[in-house]
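Before I ask anything, here is the structure I am working with.
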Amino acid sequence: MAEERVLMKGNEALAEAAIRAGCRCYFGYPITPQTEIAAYMSKRMPKIEGGVFLQAESEIAAINMVYGAAASGVRAMTSSSSPGVSLKSEGISYIAGCDLPCVIVNVQRGGPGLGGIQPSQSDYYMATKAGGHGDFHLLVFAPASVQDMADFAVWAFESADKYRMPAMILSDGLLGQMMEPVVFPEISSAQPEKPWAAVGHNNARPHNIINSLYLQPDELEASNIQRFERYEVVKREMASAQTYLTEDAEIIVTGYGATSRIIRSAVNAARKEGIKAGMLRPVTLWPFPEQAYKDTLSTAKVYLDVEMSMGQMVNDVKLAIECKRPVHFFGHTGGIIPTPAEVLAQIKALDEKIRKGDI
Amino acid sequence: MAEERVLMKGNEALAEAAIRAGCRCYFGYPITPQTEIAAYMSKRMPKIEGGVFLQAESEIAAINMVYGAAASGVRAMTSSSSPGVSLKSEGISYIAGCDLPCVIVNVQRGGPGLGGIQPSQSDYYMATKAGGHGDFHLLVFAPASVQDMADFAVWAFESADKYRMPAMILSDGLLGQMMEPVVFPEISSAQPEKPWAAVGHNNARPHNIINSLYLQPDELEASNIQRFERYEVVKREMASAQTYLTEDAEIIVTGYGATSRIIRSAVNAARKEGIKAGMLRPVTLWPFPEQAYKDTLSTAKVYLDVEMSMGQMVNDVKLAIECKRPVHFFGHTGGIIPTPAEVLAQIKALDEKIRKGDI
Amino acid sequence: MTSEIQLAGFGGQGILFAGKVLAYCGMLDGREVSWLPSYGPEMRGGTCNCSVTLSDEPIGSPTVYNPDILIVMNEPSFVKYINEVKPGGCAFVNTTLVDSVSDRKDIDIYNIPATAMAEENGLTGGANIVMIGMLIKKTGIISMDGIESTIRKMVPPKKAQLIENNMKAIRMGYDFE
Amino acid sequence: MTSEIQLAGFGGQGILFAGKVLAYCGMLDGREVSWLPSYGPEMRGGTCNCSVTLSDEPIGSPTVYNPDILIVMNEPSFVKYINEVKPGGCAFVNTTLVDSVSDRKDIDIYNIPATAMAEENGLTGGANIVMIGMLIKKTGIISMDGIESTIRKMVPPKKAQLIENNMKAIRMGYDFE
Amino acid sequence: MAKMTVDHSRCKGCGLCVDVCPKKIIVILKDVRTAKGYNPAECSDQSKCIGCGFCFEMCPDCAIRVEK
Amino acid sequence: MAKMTVDHSRCKGCGLCVDVCPKKIIVILKDVRTAKGYNPAECSDQSKCIGCGFCFEMCPDCAIRVEK
Amino acid sequence: MILERPKSLADVSTHFCPGCSHGIVHRLVSEVMDELQIEGRTVGICPVGCAVTSYNYFTCDMIEAAHGRAPAVATGVKRANPDKVVFTYQGDGDLAAIGTAETVHSATRGENITVIFINNTIYGMTGGQMAPTTLPGQVTQTTPYGRDPRYAGFPVRICEMVSTLSGCAYAERVAVDSPAHVKAAKKAIMKGFRNQLDGMGFSIIEILSTCPTNWGMTPSQAIERVRNEMIPYYPLGVYKDMTDKGGVFGDK
Amino acid sequence: MILERPKSLADVSTHFCPGCSHGIVHRLVSEVMDELQIEGRTVGICPVGCAVTSYNYFTCDMIEAAHGRAPAVATGVKRANPDKVVFTYQGDGDLAAIGTAETVHSATRGENITVIFINNTIYGMTGGQMAPTTLPGQVTQTTPYGRDPRYAGFPVRICEMVSTLSGCAYAERVAVDSPAHVKAAKKAIMKGFRNQLDGMGFSIIEILSTCPTNWGMTPSQAIERVRNEMIPYYPLGVYKDMTDKGGVFGDK
């Protein structure tokens, strides 16, 4: 079958790809700028064998419906934007504590509080450090194009099942709202068996229990340790980054998601001016691609981290390179998207410093 | 007035001190191991002029009641434990986004999910990095004794008002449940005026608006930048740490809250064996007392971070010392409290390495 | 080659649709394209704009700051964007709803009373497409053939009348002056 | 000097209260004290224990792992804790509800049928305090004077009968054997 | 004598006043465009206005003033 | 002939069976202590049991078996 | 007699769409504040929804609440300041979906506040998704084939539901589809505020409203829909009135 | 005839306090599963509350839900697996406080599930705080002077409230204070499960229960309290029954 390019919004491409990846239950609650995902699902799911679309009464209900569907072994998804994702924290912690696979989409908008509805990347901490109370992690994928929105939906479902972890797609209003041509991936992989699912034992096996309660501290600790051992495997197998012109780069500009597009434009412009700039874009935010950062140390003199936030990923960059080089930060918040020109100016200033020997 | 020592649970001491600090509204929802706070408030508040105790229908309602009371200029507090604090995330983000002062207590228990009800420190990330969506911070205080529970309640209210920030007291089940003698602090400071409060303008001023919505990105960004400028002041003025035998310490053992008590016992034991160990206890977790860590670099060869978690503060320790020394981690989760003996064993192993020149 | 296009006007004038037509057409031409709308709360009455980029290489930032081509359909948008156009670029102005004029000499300004033309020809709401027609004529960044197949793909076949109307609007703009 | 005390028994036997009496008494003596209960969901029937430390210096870990003094009021707690007592320490055992015996020679074991004694004397639920009485006699870590003022402070004056009963229980334990 | 006036800076031309006027004296001015781009309403014949206030009650933008 | 038996390993001595037995033949054994520390119930006179099952219905621990 | 803008309605233009009922209700609430002379001691709580920026329109002190939490925020304000007048202004998504628990519990607590509830059978602000009150068969962005109760559930009737709660002093459903109904709506709102001044307990006024934009209708058509489709499903009237019994605490 | 443990009740001892009604209701639910032969295709949802570890007692597949969210979790399971039987088992804090929105909305959606609701007027597991259903005057840890509705609100009557919702097929309030009432409770539970098998919509059985521990009563006294104080405030009976109308969707 010839691959067909279709022009779609990121939100819609993600929804369509999720369905192709075998997502059979979508539970959500409207919030800008991700509502197209729900709208798309409401059109498509009723036409699909076993497909469920349900607009929940709240984000909390939605995540707990996902919990139920995932506990019964079905590929399930919810999506929201920043304030709505805050509300899901408890549910996310439960899902992680029960080792359930599912996909949670955060199409980020400006915060804190009600904030605004324009693109933002200020939920990095919430996604990578504290999706809720307790020790746990989410798989966090950061798409940078409409094509990624589609591809990562599939990737997220597959990895979630593989590692029995909730996966988050950390997008933003820019990627959700923009249209680009997208080619839908061929879905090859069959879904894995889920013998642990609570879906009725048919008198054929002992009853399954989905639970995160361990009143005995040693049992709770054991479950945490087991989970973190699994995380070590995930770190080895999943950490992913994209590099662009980094081979000889003195200035590594780093940023994820939509921001990486702006960085790429700026790096191109810098190269035109003879500045050795390169881009390092983390594709998975958890696990954070530390090795990819370390690999750039051989040429890098300085790092520039660009985010649509007050600076959240910047500490992970420092840790990845073990504070061996200065890491500068440049960001915008509130829905203002950094321009390639602004980033270029930052790069030039750093280049100047390098030339002057100040770095 | 002679200072009187009274024997109280940490939870109760905190509640009593909050009342003395002028807390007039308490809104909460029961959850172990912090319910004594609510129980205490339910007894005392009705006896106090203007005192309000209300058991809310949920943690979400409780934090939003606090939001309302704080918006109207009253000192208000809520308390909960880990899962309940997850549910408050959205509300906390709103309170931060509106620059409202209030106090939020998290008497941490084991997670993730329903987890367990024994002491834990696995909400460090949630407290210090992502109390909710968006860019913001909470003042985070880490008591280590029943006396601290009382003192920090006062400190939290006063600093919250001073900086117009929500303050969190990050405690745990051990501190909440244990009894120790406590001397209640003299409350001197009058409460500051709150001309911004929404409490009726009496036709005497333009109407006040408490709000975190800014549909224009530049306005939202301006409000964020303003807030982060304030945060810089807070960092300078508030960062606080306690050191114990660090002057000549080669091994700095660091940990906050209840864990610091265990560390102190272990450090004492280590000193008895001639090992140059010292303790660095961050008292404020945000702002993180980076300078206190830097100050130890002159003697320190290695750091040992001890937490009742899988390791959350450890990265802040690395960043504080700019990765200039190895930072080891030792932790327990799920309600298991590290013993002084275990910590001592870790210290001895590090000392051994130092002696052997491996560090 | 990369063309950065900005479209702007009132909500309800079909700004987003016009942008989508351009992007779709570019895609069918095998090019890289991106389309980025302004978005806001639902309430009516505000302005609306949309960035479209057509390029032969991967597109970085999808936001258009300094368009090669500007399409403005109302007064506020004209005021806001006319000075952002790249020197050497061009602007298409819906003179029915734009009163101001620009004294920029470094860009080509094409005036067309698109709203009036559409209304007079029973194509209410078709002014956006009229302007696309003129853009095709003046810039050639997309072709008449391309636009026809685009519209046939974008509009469901059962709405044949709509296809006809759109093509009529295109031709009106193409043939203007 | 530091005394680490562990108290254990069934929920409902007053373990936490007995621990609180010790801590309170230590505090009135001007010492550093800490009291740490086991806690769990409300449901009845489980075991219950409590760590109390009395010290002349600041108390680090409030959890008692190897007590100097153990008070055990039921069989499961005896089995669980008897071997944790520090060599040279002592254990007070409520023999009404403990059948096992220990062969440890490195600690002093004091047996007392506290539950039976309390019940026989119309002090149902007072076995915990009976055991405190014996502890005072055998260890002297708190004084009879101290305990009396402690109980007078802890029990509200209007419950005079309760004060009396508690003191009676203390003396019963103190005078045992 | 009653008098009904429309503040054009507020009127959004929704027409609800037109619908409810018992005297059918309110019209939408097709040729006028307000700053916000709407065609505003106006009383076409003040002399017929009975000051019933129906238009005022229904106006979502409080653009109408009725004197009686 | 009806027969009521109590599984002492489950009985928590709540006494609800005692209250509802129409024949008043269930007693709490004050001298017996179960492994969990409770005084269990027992039928003091099987011959009077009419197998009504009231005790069974009320037992929160499903410790009772009634045969009829 | 002069009919004109009330003083408590700020002298600014609203962002509401042409013909949207929010504007009418804003005027009514402002008139009531004027007539009761309470603007200076009133605190209003905005929802998240099209009325989110009502803080720009009401001239009393205002607080913007998180989505659905307005009654909890109002509770916080009122408990801390029992002498102040506190009202919430909420849409059907806000009050009857995400805020259900806050609505039910402020009602059952007999919280002495006034709730203005705009039922327009849709999520206006986010572009027309199904609301809890969306009518069966109604097409919305998330019920593209019409709301089928079998999958999307039945509409919630809020007045009927909260009337079962002991703390609810007053629940009335009104509409703003005609001058007469608008006047009745004002009377109900007035009563809701008076109840609060008299310490009666929780008062809620549900107002059947239009959303021409997301209904895809002209303002006139939207008014017709309120009359012909909404009122039959959501009968107007007083669902509960404890005011002559002295309110829910029965001692006034 | 032999009366003995049902098969679907695991052969383990519960952690419930002596005399706690949770145990009785566990038996009833298990008997119903046995009699309908549905254990193998049933998924039960535990609450957070004293029944949190019910997953150890019911032998069907079980899921432990977050506090109050059991109906949402049940919805997820049921929508994904419409052929399975799904029930929730919830306390009054869980269902009527924090879970209010989930309760109301699963009911109004006509979610085809069965809800077992233990009303014991208290938060049992956390040590006896006020529940939404705590009676006026009742002393609890957080109403130390007795619940005063003026400050702590009025009790919520759940059956009365959810009966107003169109998706609610069946709501009955029962008690387990006497053998006769226990039998009636079982009949109600049976009907609640049968309704689900018949696709009737949302069924809820509210069971007036004891918590001797936190009421500070002996088991016998607690039973008396159910009879003398709770039943008068929470009248027993069927509050809604749509089963002869073919359920809430009216086509069965």
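Per-chain residue numbering starts at 1, and chain names A, B, C, D, E, F, G and H are given in the order in which the chains are listed.
The working rule: a residue touches a chain if its C-beta (ideal position, glycine included) is under 8 Å from a C-beta of that chain, and two chains touch if they have at least 3 such contacts.
Everything quoted here is computed from the prediction, not taken from an experiment.
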item	value
Touching both chain F and chain G (chains)	H
Interface with the most contact pairs, given as the two chains involved	A-B
Centroid distance [mean C-alpha coordinates] between chain E and chain D, Å	86
Whole-Å gap between the CA centroids of chain B and chain D	34
Whole-Å separation of chain centres (CA-atom averages), chain A against chain E	53
Distance from the mean Cα position of chain H to that of chain C, given in whole angstrom	61
Multi-chain contact sites of chain G, meaning residues that touch two or more partners	16-18, 52, 64, 66, 97-98, 100-101, 104-105, 126-127, 132, 152
Interface hub residues of chain B, defined as touching at least two other chains	32, 54, 57-58, 60, 83, 90, 94, 98, 113-114, 117, 211-213, 215
Where chain D touches two or more other chains at once, by residue number	40-41, 45
Sites on chain H touched by chain A in the complex	39-43, 45, 52-53, 55-56, 58-66, 69, 72-81, 84-85, 101-102, 104-105
Complex contact set, residues of chain B against chain G	24-25, 27, 50, 52, 54, 56-58, 60-62, 64-72, 74, 76, 90-91, 94, 98, 198-204, 207-213
Residues of chain H that touch chain D when the two form their complex	15-18, 50, 52, 124-128, 213-214
Chain H partner contacts - residues on chain F that touch it in the complex	9-10, 12-16, 19-20, 36, 38, 51-54, 56-62, 64-68
List of chain B residues in touch with chain A within their complex	60, 82-83, 85-87, 89-90, 93-98, 108, 110-118, 120, 122-123, 125-126, 129-130, 132-136, 211-225, 228, 309-310, 312, 315, 318-319, 322-324, 332-336
